[in-house]
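First chain A sits with chain B, and in the next complex the same chain sits with chain C.
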Partner chain A sequence: MSSSKPTSTSQQRPKASALPKPPTTLDPTCVIADSAILTGKYPISIGPQTVLHPRAMIISAYGPVTIGRGCIISEKAVVGIAKQDDSGTKDVEMTTAVATTSTPPPTYEIHLGDDVVLEPAAVVEGSIGLGSSIQAGARIGKGSVVGKYCKITPLCTLPPGDELSDFSIIYGKNQRRQERPGLERLRKVVHDKELEVLRTLIPGNLAKWQTTAASGVGAGGAS
Partner chain B sequence: MDGEGVAAAPWILECQYCNWTSLDIGITFDKPNNIHGQLAKILGKARSKVSLLLDKLSDEPEPTEPVKAFRADPDSRFATLLSFYKSELAKENPNDNPFASISGANTDYSSPSSFARIMSLYTNTNNYGRKASGKSTPMRGAVDASEGLVLVNHLADEKAIDILHRTGLSQTINTEQRIAQPHNPRFQNEMIPQATLLCTKRSRRCRTCRHILVKPEAKINNTRYKIKLLALNHIPSMTLKPLTSLPSTLSHLPPNKPLQFLLTLRNPMFEAIKVSLGTPAQTPGPRAHSVTILCPDFTLGANADVWDEALGIGLSNSNQNKRGSKLLLKDLNNTEESKVAEAGKVWERGRNWTTVVVEVVACQSLKGPPPPLPRGGPPLSFGASLEGLLEAEDREVTEDDDVLEIPLFVRLEYEQAVTEGGSTGLAVGNVATTTAAGATTSATSADGISAAGGGEGEGGRDGDIGKRTRELAYWAVLGVGRVANPSAKMPEQK
Partner chain C sequence: MAPKQAKGEYIETEAGNKVSRRSQIHGTTNIILGGRTVIQAEAVIRGDLLRTSTSTSSGAQQSVASLAVQTGKYAILSPGCVLHPPRKYHRGTLSHTTQKIGDNVYIGPGAIIEAATIGSNVWIGAGAVLGRLSFIRDGAKVLDGAVVPGGMIVNSGDIVGGRPARKVGETGWGDPWDGREAWRSI
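Showing the complex of A and B:
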């Protein structure tokens, strides 16, 4: 199915689909659309109530991917590192930067906290904290860490290896500002409603990606 | 702007983009409507002296930075100062008070009384000077903030520098933001939400028949129109295209050669129209191009409903395709065949459109200084205004002199069912239709003016019982293209 996909965007998709099906730990309550793509060799784990839109893409080619509870990953959003040559010149720089914390063959562990929203065409190659939203076309660089309740507005970027503190907002021309805490609860109400609607709208196809124990419960996290 | 909360009390403003909320500046609202009024109430406390004093005395929580900054804005400071000096002057000499006519903070400089007062200051200098010299009693000045005196706060500057050190330039605001804010804020957290300025929605009436042509809906949020009677929906649309393929683009029309164009009129109305076209034999303007409409009188069929049109368009397309192929053939064979433009004959006719041939001989030389306006040609006499315009026109050579434009007098006659009230008022006041045949034609404003005008005549002749003959006439300009520069060599046509 994924191999028959028309490759309109880039060369990412055929390459990724050439990779083997990843070992997955999927919560039975999560919704993965039929045309969503999970690929890579490291384990992928998806928490309860998370929704993957059609054509959302999760790549675990260079490290395990863990997605928390109640996340929304919209169409054409990419979680994971798609570039296949990590021996390329650009990546060497990256590797040396991150090498201090990771093992010599660099693996990038990607962790999405609970209630994370990835809007269409967002690219996430780093980790994201609870309740943050990465909006359309925004980009989170390799190995960077986004704190809790952050917001990356459309087309903004967080450079690789960077860290964003809680309640930060990147807007405009990558300007940053701090939001004042206190509205998370209200936003969560809206988010939960959205999840509810999406669960009824998107037909899930969990069985397609379930690789580990059929029960799918427990054995959480990246093994 | 968005209210937040389920239904309960404090409401806030929130920016959906950057998550700014009015909580950031410590402002909440009691109700989700009349934000502007509530804001004014929150911010406008400094506008009366009493409230300033009350602020000091009351145990209200200390207002936040932006609110404080806003309260020190020039307007409110001026208001306090003004009220202070008024009261002081009233104490000194109640009879002769130059500020007496100023009513509080709402000084209206455009009001007649204020104007008279200011003018009297200048005209009766002697009088005023004598009075002033006589009554130079010393007067107390404002001494504290409640009286409108605000001292320059050096600490504030230091504080600003300190904030700059800590947060950098990113927290400062840009010029547009600064201009939009009345209280001269420096940092982002000092800004105050500003009300959006409302726009006026205008409706339009016809000058002649007072019929409402355009009426926007009264609702603020709605951009739709209740009534929309545009001239565009009632006058035929015109297109002009070359009959034979020209050597190059229409920006290089070969001069001194008869060029034939197809002028197509398309009827938007559901009645058949009789059309008479008129044009001067030689165009006005710096160059006298001669123009001939081979068939100036013809009829346009009625427009039918959409479905018919959809089918009809297919039909006319196929017709055009045939024509196109013929033309192609002609070009290939380079021989004159089948259809030749004939005087007095319509070139082609469709359901609601008719095409006639216009012959143009472009002229490349400029007119002489005395404008020799030939009067023999035009089938419909020119108004005197046009001639006047022509004479007034400068004869200077400008870059758009080589633009070939044809003034066209269009007269329409059609039967229309009379609706009750008798006001079938289709009103076409000033219509200037410019149809560009070439992409290069840009109708210059001068031509637009010369083409405007015209009006509506109503033939009162009673045809059928429910029908009425209407007559409509207006000037339009057809943009054709540019005449080739004589110095530049153009490939020969044909």
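Showing the complex of A and C:
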């Protein structure tokens, strides 16, 4: 329904309208749904063939966000740090006039590797390695690092500043175990098919978020 | 949206469906609401994830190709829940399947539904996650915060809970939850 867009952005996500549009480097082959949200002041770069579902959200308020090739970010998933801490200083830091404090707030760089899958309502405030999947409602804490081919099952959390080695699985009540490698190639096949299907299903709207077209293309070519 | 006047939160359709103005519905043409269904604020329904029928041999399936989500009567979708038709990988093709939801179903706030089928008289608690292609049969109950793994089949009348969800009891058939009152009260 076309009417859902303007009302919901004002109701649920006031931050989105309050924050400036970020400088973006978008690959021409990535798909960003019309109602996905990119916000913040640090640069956001999105690699080729990545798909952002409607209502996916990328926030670069506290550091640059880099998303690799062929990622899938589902609806209600959030990449980035929405608020620095819970002490209520959020609004002060959100505005650009931060010069009152002597030390600038620390920046957190967020990097998503290639073929990362974020399922609905996943929250990622750290970095994710190649081929990992963050399932529904899972949460990756601030500054933590997830290795390659990891799996965070639904509603599990990785605490801030933690590190997860390659082929790890977090399941149940945040228990961890290792998976034996060997299935990556098969998963990649299915993943590529899914990307292909999603590209046909989700109408992209790159122009809405493309800023600084000339410099963006140049940076994209260099990386 | 032209007239400026105080409006209720819900749009009521001819069939008695009450759809919140703040719900986030994508692909409306591929969704069938069975009547007297309530969709509350911030509920996300992904009607745009259609079956991509690449198989030309199955002519019978072509007719249902344009349906992503189907609900029965008195389905209550609470605030913030997500209906996401599951994808399946079969014989080298990947496609989304139609998500079917029965009559008299309650879906709690913040629940994430990727189940293939939900039967009638089902209660799904707040924040529950139903994994991809799971089946919830008639009269079952999924407790708050349960994680039903992908492909799991919850049998008729079972109560499941925990992470991952296990059977913790049976509902019994005495007093099923009644969606009618919830529909009336909204």
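FYI, the second predicted complex is superposed on the first by the 179 of 223 C-alpha atoms of A that agree within 3 Å, B and C clash if a C-alpha of one lies under 4 Å from a C-alpha of the other, contacts with A are read in each partner's own complex, and residues count from 1 in each chain.
Just so it is clear, a residue touches a chain if its C-beta (ideal position, glycine included) is under 8 Å from a C-beta of that chain, and two chains touch if they have at least 3 such contacts.
Keep in mind that this is a model prediction, so the values were computed, not measured.
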Contacts of A:55 with chain B and chain C, given as first, second, both or neither: second
Touching partner for A:35 - first (chain B), second (chain C), both, neither: second
Which of chain B and chain C A:201 touches, first, second, both or neither: second
Touched partner set for A:148, first chain B, second chain C, both or neither: neither
Partner chain(s) touched by A:69 [first = chain B, second = chain C, both, neither]: neither
First (chain B), second (chain C), both or neither touched by A:137: second
Per-residue contact with chain A, leading partner among chain C and chain B: C
First (chain B), second (chain C), both or neither touched by A:176: first
Which of chain B and chain C A:111 touches, first, second, both or neither: neither
Overlap of the chain B and chain C footprints on chain A, listed as residue numbers: 153, 171-172
Footprint of chain A on chain B - complex, ascending: 4-5, 14, 17-21, 23-24, 170, 188
Residue numbers on chain A that touch chain B, as the complex places them: 151, 153, 169, 171-172, 175-177, 179-180, 182-183, 186
Residues of chain A defined as touching chain C within the complex: 1, 3-4, 7-8, 11-12, 35, 53-55, 74-76, 119-121, 135-137, 153-156, 171-173, 190, 193-194, 196-197, 200-202
Chain C residues touching chain A - in the complex, by the definition given at the top: 1, 19, 21-26, 28, 41-42, 44, 46, 48-50, 52, 82, 84, 87, 89, 93-96, 110, 112, 114, 127, 129, 131, 145, 147, 163-164
